[in-house]
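Naming follows writing order (A, B, C, D, E and F), and every chain is counted from residue 1.
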Amino acid sequence: MYTVCVRDHFMIAHSFSGAVFGPAQRMHGATYVVDVEFRRRDLDTDGIVVDIGRAGEALREVLGALSYRNLDEEPEFEGKNTTTEFLARVVFDRMAQKVGNGQLGVAARAIHSIRVTLQESHVAWAAFEGELTTR
Amino acid sequence: MYTVCVRDHFMIAHSFSGAVFGPAQRMHGATYVVDVEFRRRDLDTDGIVVDIGRAGEALREVLGALSYRNLDEEPEFEGKNTTTEFLARVVFDRMAQKVGNGQLGVAARAIHSIRVTLQESHVAWAAFEGELTTR
Amino acid sequence: MYTVCVRDHFMIAHSFSGAVFGPAQRMHGATYVVDVEFRRRDLDTDGIVVDIGRAGEALREVLGALSYRNLDEEPEFEGKNTTTEFLARVVFDRMAQKVGNGQLGVAARAIHSIRVTLQESHVAWAAFEGELTTR
Amino acid sequence: MYTVCVRDHFMIAHSFSGAVFGPAQRMHGATYVVDVEFRRRDLDTDGIVVDIGRAGEALREVLGALSYRNLDEEPEFEGKNTTTEFLARVVFDRMAQKVGNGQLGVAARAIHSIRVTLQESHVAWAAFEGELTTR
Amino acid sequence: MYTVCVRDHFMIAHSFSGAVFGPAQRMHGATYVVDVEFRRRDLDTDGIVVDIGRAGEALREVLGALSYRNLDEEPEFEGKNTTTEFLARVVFDRMAQKVGNGQLGVAARAIHSIRVTLQESHVAWAAFEGELTTR
Amino acid sequence: MYTVCVRDHFMIAHSFSGAVFGPAQRMHGATYVVDVEFRRRDLDTDGIVVDIGRAGEALREVLGALSYRNLDEEPEFEGKNTTTEFLARVVFDRMAQKVGNGQLGVAARAIHSIRVTLQESHVAWAAFEGELTTR
């Protein structure tokens, strides 16, 4: 199995609901350094897993729609705790959709699975991974 | 699959038995930077994999029982080479036990598997991963 | 010259005023990974620059007073842009004060200078350094 | 499952064929920081996954045959784009061969799978992983 | 003294002349991860050292003129060994020129000094730093 | 000012004397990842600060004399706490001596200063820097 990974980041404000979050129930924020790994069994005829230029642009587009925002005010996240693991899934779903709709190129539809990791500090990170079912 | 990871470290002295270890047969030591990854298929009702505060405390407790010690003098490791991969398993077993006995919260019992990585230098690390069978 | 450095982190929300900040004028947030370096010309009689345990506790105290907060609502920062470089200075001033008032031990008063670095992502950081004048 | 990983690096020149590569169609180069992970279900009688000394030497040998070269002039890569993912596979195949022919010791034949990661910058990496079939 | 740092990278091919370089006399290449630190004594009225957006664009421009090239064929480097330390100076000179000609904003002319670091692998880097004399 | 840095590591056991060290008064150990920075005002005729091959060998020799040892039993450290900052000075002195006696080449005598950093974990490091007076 081959993997290619690209990295970018985004910065947001949010707060959490639930005693388990302690002081993180207050309005605060985070930088998330994001790694998106694309996996497939064989390389395409160019010898690549994915067009890394297009992959990076797609990721920048996904993160641009989240970045420099207060996630508590985003209607799509209403009633949700935008934890690191929850946001890893959000980025996964949006990247998977871009693979499915051809934005990363036709060849990219051979991508088997994606893993999205969000590093929130030097001592904690979360990830979501899954196979692509849109093919 | 979701993953959440917490990081901490511990520092120990030890020596190894066996020609394969070369100069590491002498008394020496190591800093281990420890990553513990918790994996589960779905988030709980708070939107998390595990209470990261409790996970960090549990890890600190596990590492505190190993840290600032000469592992050659610990009865539980008698006759064993406390290699990086061996210690990864020790940390795994102790963290798994804490999940099983409820120390990370009742919801944490939905954790499917754990991966423990011990980084011993900028050029070498070891890990142990396994599913939790105590559920 | 000797240096000892300790690392910790904090997470905040804030917004900036001024066209130069572009989308960062909106409410957003950041994780800051903080390195505090203590410098002195000679080691004390224990062979150390500073009691690293006390230094870590002092840093945790300083960061705890900032963490999990919306800095826009903190009276002390009213009318200020709490940029990474500005916050590096804030942490410097508070750590310098703790050295001056003896919280890091009497011997720590021999500390010559401090450098505080705040890493805000994998591609950007800021720092403030200065000599201690409270001795 | 246990894992042990060793790290080394190599530096090469090359160019790519195909419009997808944009400016990378010109002669350029890269540093690849290489991680080779060895995996097996149980430790051997010494308590190790692999003799890390021999593993490091084998890796250095494999990378030495690639390093400080213009890959466009290597007959074995003729007509191929030596992308990061392609090179990850090359290093995998050569390390697997060394495990198979006993260069890492007889016990190393119990290694179940290998994963090779090539980091090409602070924002991109590629990997190849597979089970060993030479046993 | 305040510092702000931005990071980017470039990838080149080159060869060296001189027995001291051993196998690096052959055509090879490197990825350089570049950190550019801007230093000044006081913050400007926005509370910043430099417009980090403009600084990043300027750096991208400087690295774009070097990237994906065979430096042996660049007339400006004829007869020179484009070592890591030499290239750190090249990036320094070009960034200093951009500060001097106002490309980073008028306020940026208060920048006192710049430090450029080029990381060539996980075990080696080089830097050049100097005061700005173009003010 | 130009800088070139090389990295290596060593692993030792030791214990400390003095209440300030708390549990570190017990026999324990550490991995130290060591960075040695060489600084000089101008490059030599080859375009380098120092022969990085010789510098790496000299560092390996210095660290080899410390590695895989119990520092409590080394006569030269008797009555000393071998703290991270103390060991940074030891490595500095030994590297400075090698520069002085010509082991890094005659041209290396133009090196102005050296900085040695020992990273002991992901959250703590120490350094010693000084000018070379042996020229």
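Convention: contacts are C-beta pairs under 8 Å (C-beta built on N, C-alpha and C of every residue); 3 or more make two chains touch, one makes a residue touch a chain.
What you are looking at is a predicted structure, and each value in this text was computed from that prediction instead of being measured.
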Any chance you could name the chains that touch chain A and chain F both? B, C
Assuming a repeat means more than half of the contact pairs shared by residue number, which candidate in B-D, B-F or A-B repeats D-E? B-F
Which chain lies the greatest distance away from chain D when centres are computed from Cα atoms alone? C
At the interface of chain A with chain B, does the proportion of residue numbers present on both copies reach over half, so same, or stay under half, so different? different
Between chain F and chain C, distance of the C-alpha-averaged centres to the nearest whole Å: 27
Dist(centroid_CA(chain A), centroid_CA(chain E)) in Å evaluates to 31
Touching at least 2 other chains, the residues of chain E are 7, 122-123
In the complex of these two chains, what residues of chain A are touching chain D? 1-8, 43, 46-49, 51-53, 105
Per the contact definition, I'd like the list of chain A residues that touch chain C in the complex. 7, 9, 11-14, 23-24, 26-33, 67-70, 73, 120-123
Flag every residue of chain E that touches chain F in the complex, lowest number first. 16, 18, 20-22, 80-86, 88-89, 117, 122-130
